[in-house]
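Take a look at the structure set out below.
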Amino acid sequence: MSRKIAIGKIALLLASLAEEELDYFRPTLKELSFCQGKVGSMNMQKVISAVETAAKRNGIIHESLYRETHALYHAILEAIKGVTRDQPAIGEMSRTVGLRFSVVRGAPYANEAEGEWISVAFYGTIGAPVKGLEHETIGLGINHI
Amino acid sequence: MSRKIAIGKIALLLASLAEEELDYFRPTLKELSFCQGKVGSMNMQKVISAVETAAKRNGIIHESLYRETHALYHAILEAIKGVTRDQPAIGEMSRTVGLRFSVVRGAPYANEAEGEWISVAFYGTIGAPVKGLEHETIGLGINHI
Amino acid sequence: MSRKIAIGKIALLLASLAEEELDYFRPTLKELSFCQGKVGSMNMQKVISAVETAAKRNGIIHESLYRETHALYHAILEAIKGVTRDQPAIGEMSRTVGLRFSVVRGAPYANEAEGEWISVAFYGTIGAPVKGLEHETIGLGINHI
Amino acid sequence: MSRKIAIGKIALLLASLAEEELDYFRPTLKELSFCQGKVGSMNMQKVISAVETAAKRNGIIHESLYRETHALYHAILEAIKGVTRDQPAIGEMSRTVGLRFSVVRGAPYANEAEGEWISVAFYGTIGAPVKGLEHETIGLGINHI
Amino acid sequence: MSRKIAIGKIALLLASLAEEELDYFRPTLKELSFCQGKVGSMNMQKVISAVETAAKRNGIIHESLYRETHALYHAILEAIKGVTRDQPAIGEMSRTVGLRFSVVRGAPYANEAEGEWISVAFYGTIGAPVKGLEHETIGLGINHI
Amino acid sequence: MSRKIAIGKIALLLASLAEEELDYFRPTLKELSFCQGKVGSMNMQKVISAVETAAKRNGIIHESLYRETHALYHAILEAIKGVTRDQPAIGEMSRTVGLRFSVVRGAPYANEAEGEWISVAFYGTIGAPVKGLEHETIGLGINHI
């Protein structure tokens, strides 16, 4: 079984690159369904909600199907673990995040029977709730859908 | 305090992009000290060791200074948390990783007094110890050095 | 040393079976001290508090003895880890739980000197704070008391 | 959306009840695809492998499809978190497990579009690598498949 | 490379010993920069904030340098892991802490090039939010600065 | 309920102070049952085993009672979390520890009904498996027994 499209890498580039930096990758984007967004918060619930809302509004997942919500939720959770690297409680740990995110849905494997997968990527900053006291952070989650 | 160079983003691109995809970013790379490598294993100790050895051989950190080894080790550890998203024991959890990695050292902040920082990025696959039963994974760690 | 009564299994059945399904196990229940309850919340503190209050009101633990409160608290904490499987912050992670629980106290080992032990079980659902977007979850904690 | 069959509860009963105790639940079992097994080890890789092998041999998952292997793996991982309640490294933490397990596949939701889900349950003992120095433990994982 | 001053041990003694018990260790304290404080809360953000504020007010770290704030933050985070031993959410887990803390900055290694390091220690109680239902707890974090 | 003897603090001093530094605290030690030891390893199982063996050989716990082994094991596990601050797998994470430890058993509370408690303390170094590339670490666990 070989991979056809790296939906994780694409999600990460969508979350971290500027518009002009993305030009090189536009052809691949055409084969995929994706959305992008931004969220800044000391509350992880707001981060999760921003991604879920964007994915539903842009038709990346079927809003009324729990199995799709479930697939997305666990992909978000995995991506958050990369962002926080310790425990997902951010406000409680006196941290704030400023993140760009993306959700990508597509068929990454050459074998059609492997079906669709979803990836969630975050790129931005994490740090003290004081402007500038922060450094970069990244997270990626992938799930079958 | 504003950021001058996104050493985390650069590290991630170095780990995930192909040679030709990196062309757009070459000017920024000139301001930084960095190295790249590859490692595949079911043993996290080998992954850590591959990054440490590459960073020392390429002069990214001073081999004989513990404070630099310490800064790098914790950056690696943070990046591994993004890669595994659960617990870093891979073989024990019946998983294998195939990763490209990079280590970037530079001054990310406009204020010179903020000095040098180090970032470690991983990009590759994680999955069952069977060829093809795997999906993408990413991790990033950042530390002051 | 052999086991006489499986207080963990009994706690789990008390939390997960319907009244009529429990009939088969009633004889064993007579040898034990136990209580049952229900709690639904996005706040783990309410879940913990519901179990502690039920255990005290039903005389399963001695309210004024810290060593018994301590034994119960750690059994609850262990059971919660099974329920959340990631980190116990539920509301922060945009999750809600609807749980039935039980606390069982008794002497599980044939050797009388092993004394009393306590077990806490949860059974119910965990999911998005939207009715129906949820799946089953279970947790069990055991401690000497 | 309402639930039709509690595949998590069924999995748990299959792992924890004796043959005669299961009689009451046999009618429900007919609507589901499931398997049972046993494993004892100080090595979590053996536990994971035992469940994966049983699920494949009994046709609960399609061996050649990674998306099914992926769904099962994450369900196993969640169930293990309930079993260990701390970190999944058992031998490293001087612990051994003796477990019965089950894998159940079926359609738990009334809405047909929710499709199939898989649940993995463990029931048994965890303790020091000395006979008898152990207590009960339980774990449950659930995933869409 | 050998150690000259055990800044971790000193931090711990500053957090846990009474004034008169510290007499024996006063000569060592003269070579170091340190501060002490107290905090009681069900909210980890208050604990973190108390340590950061004390360290800045007493000039242990340079308030305007993010690299020093970053070094201190990660040392606090490590110390908190010793205090909570499970996950840092205290209020959410129905726990309260009453802690004395200290921050010590100095050059622990004989080799001057190893420069300055910082250590954070906590000593006090953790328990139910009821007076007396608590036991001792300790935590130590160390970082290069 | 007030505390009579701080068994956690005593355990920590036993693990971290030199013989002559302990003189001040000898009167308190007479009221307690305790042992001390040393262990260095990249394998956490050896660390756990060293503490358990010392506690049994010195009669701090009753070897044949599982409830005492259980109380000690969980106290060790809590102390290890302070030592590693991330995950207890040390060799797998390319780390080695060199630790002194102590186990203290006694009645810490004024109320006699609170009975006996046990505390385990570690003090030493953690770092790369290279002499000198290490810093201090501390851990404390407490349990009712």
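In this document, chain identifiers A, B, C, D, E and F correspond to the written order of the chains, with residue numbering beginning at 1 in each.
What we mean here is this: a residue touches a chain if its C-beta (ideal position, glycine included) is under 8 Å from a C-beta of that chain, and two chains touch if they have at least 3 such contacts.
Here the structure is a predicted model, which is why all the values come from computation and not from measurement.
Undergrad: Moving only to chains each one touches, count the minimum steps from chain D until you reach chain E.
TA: Tracing touching chains, the least step count from chain D to chain E comes to 2.
Undergrad: Count how many hops through touching chains it takes, at the least, to reach chain F starting from chain E.
TA: Between chain E and chain F, the shortest chain-hopping route counts 1.
Undergrad: Name the chain whose C-alpha centroid is farthest from the C-alpha centroid of chain C.
TA: Result for the farthest chain: B.
Undergrad: Have a look at B-E, D-F or A-B and name the one that copies the E-F interface, over half of its contact pairs being the same.
TA: Match found for E-F within B-E, D-F or A-B: A-B.
Undergrad: By mean C-alpha position, what chain is farthest away from chain D?
TA: Taking each chain's C-alpha mean as its centre, the farthest from chain D is E.
Undergrad: Which integer distance in Å separates the CA centroid of chain C from that of chain E?
TA: It comes to 35 Å between the two C-alpha centres.
Undergrad: Take the average of all CA coordinates in chain A, do the same for chain D, and state the distance between these two points in whole angstrom.
TA: 29
Undergrad: Of all the residues in chain D, which ones touch at least 2 other chains?
TA: 1, 66, 70, 86-87, 89, 91-92, 117, 132-133, 135
Undergrad: What is the complete set of touching chain pairs?
TA: According to the stated criterion, the contacting chain pairs are A-B, A-C, A-D, A-E, B-D, B-E, B-F, C-D, C-E, C-F, D-F, E-F.
Undergrad: How about chain E: which of its residues touch chain B in the complex?
TA: Going by the criterion above, the answer is residues 1, 65-67, 70-71, 74, 109, 113-115, 117, 143-144.
Undergrad: Of all residues in chain D, which touch chain F in the complex?
TA: 86-87, 89, 91-94, 127-128, 132-135
Undergrad: So in the complex, the part of chain C that touches chain E is made up of which residues?
TA: Chain C residues touching chain E: 43-45, 48-49, 52, 66, 69-70, 73, 77, 87-89, 91-92.
Undergrad: Sort out for me which residues of chain D touch chain C in the complex.
TA: Touching chain C: residues 1-2, 6-9, 12, 16, 21, 24-25, 78, 81-83, 85-86, 108, 117, 119, 121, 123, 131-133, 135-142 of chain D.
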